[in-house]
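The following pair of complexes shares a single chain, subunit A, combined with subunit B in the former and subunit C in the latter.
== the complex of A and B ==
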């Protein structure tokens, strides 16, 4: 029925107008999927990605659509995109050390490489980027600098998430000092520490 | 300049439609022949004989050597035809099966996917052209 089609189109048009896409970018094992799960669970009641100690657990773009977040009376609807970790080197031998067979490890390496290419291609569909960094690691990495430089060039708003502040070695202030041009939020996605601060920041960037 | 299919060794001149659609044998990977252009063109016109120096027809590409790479590229390039080029700058290097180096910066800048294998052979994913409407 033409009328139904028109209504469907209008509905999708207005829903799209309200929602926007947030992409979680960053190096491997910085806690992107743990954070995606935390956000998804807090606002939709269910997790969205699997998490593992073995690097490159997320090898395809995982999306959760229309997550409704309400902060300080502001309501926003967003599509959350958990991206594969970006790195300049993928080596199956690293996975063999973690207990995978050579065949499994080579397959994982190929999928991880494809995932990196996919994550980069998705940049053009992202409205806001959460760049997740491990606060126990040196933030001056080629990957961090490249991701931030590219997002800046594309004029995509960036929120830096200094994750893993529950760990003793964490020095989130190092991240803030390294990239003073961006808003940095210190959190522990695993423990949920300071997560509301992140939600407020997302709501403000969106506004 | 001519391109040689890595599977059946068939040679196509530059701008052949097969370079966009794939070889008649079904392969979508081509070796980019970077020798003297005129000599090779003459060779193509004369049944691939070049002053008894190179006989391309008698030097088929070892398709077995490229079989695993073809599989690899098929998945990475999503069925797009790829051309091997000896002079390109790679942004994905296959060091061996399961070991990769990625030039994140180059890919983020929107450059075409250029793969280099452990033999120093390059594979270029041809960018998609605009879709023409009738």
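== the complex of A and C ==
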């Protein structure tokens, strides 16, 4: 048995804690960074990602290590990975419309494409995935299906997060009906609604 | 100006590996063609397609729209059908995002809005 595995086993044996990496996946602007900040702030006191109305604000994988969560007497230590939103198209003109200069927009587009490639690479390396979906939008997007299909193929545990339930147009039940094979938690990362339910689900996941 | 649509039959797709399929699809989509694949791409192939697309994004080529429906389940029945040379299920459509404005998926049908 490699030394790393022995150390990991001893650590978990004596500390009685689960430790794993959780990746936040999803389409662009579903609220992944808002959720990452909420989790990080609740358990470590500080935020980890910047948030913006302009798409592709997160263009590299942002990580926060050793976040300790304790729910109902269960302790887990996790490395939280806020992934760039995945999409099949990146048009710099969209950023120009949001007020960036052409040069800034083209730079952002280039960085966004690199971020998407990086997020896809990480699909094979996370222990658990939180797939964040916007509850006001149709959940049957190809990006959601591709992300879930890849995670399922690798048997990586998935928790679907139906986010933005504070919005009037939100229909989180559509997400639950679309993917009945996975546990779905309804939250508002912005308002903190139902966030403890998500922590309980994370603490009970079998990574 | 018209829109080019190319249908790729399942027997042609069977002779290609994943890399060849993605190269073929992407090179044609970049020439403003909408490709319809008689056999659906797998999620792993879709992941590779998105990765290759992102590597190709430029000022002129802004990416793709892709939609898969009716993908087969990888259960025993379907594996047997494949082993016995039966037809795989599903359908994938890939088009340039500059032409394919919107793809709407219903459980068993795809509605595609295209135009230049």
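Note that the second predicted complex is superposed on the first by the 187 of 207 C-alpha atoms of A that agree within 3 Å, B and C clash if a C-alpha of one lies under 4 Å from a C-alpha of the other, contacts with A are read in each partner's own complex, and residues count from 1 in each chain.
Rule of thumb we're sticking to: a contact is a pair of C-beta atoms (placed from the backbone, for glycine too) under 8 Å apart; a residue touches a chain by one contact, two chains touch by 3 or more.
Nothing here was measured: the structure is a model prediction, and the numbers come from that model.
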Is the arrangement of subunit B and subunit C around the shared subunit A a clash or a fit after superposition?
clash
So, A:150: does it touch subunit B (first), subunit C (second), both, or neither?
both
If you stack the two complexes on chain A, which partner ends up touching A:140: first (subunit B), second (subunit C), both, or neither?
second
Go through the superposed model and pick first if A:89 touches only subunit B, second if only subunit C, both, or neither.
both
Per the contact definition in the header, classify A:117: touching subunit B only (first), subunit C only (second), both, or neither.
both
Classify the contacts of A:105 with the two partner chains as first (subunit B alone), second (subunit C alone), both, or neither.
first
Segment of subunit C that clashes with subunit B, given the candidates 61-69, 79-87 or 97-105
61-69
Could you tell me which stretches of subunit A are touched by subunit B in one complex and by subunit C in the other?
86-92, 106, 109, 113-114, 116-117, 120, 123, 142, 146, 150
Interface residues, subunit B side, partner subunit A - complex
72, 75-76, 92, 97-105, 107-109, 113
Can you tell me which positions in subunit A touch subunit C when the two form their complex?
86-92, 106, 109, 113-114, 116-117, 120, 123, 140, 142, 145-146, 148-150, 152-153
Within the complex, subunit B is touched by subunit A residues 86-93, 102, 105-106, 109-110, 113-114, 116-117, 120, 123, 142-143, 146-147, 150
Of all residues in subunit C, which touch subunit A in the complex?
42-44, 46-47, 50-51, 53-55, 57, 59, 62-68, 71, 97, 103, 105
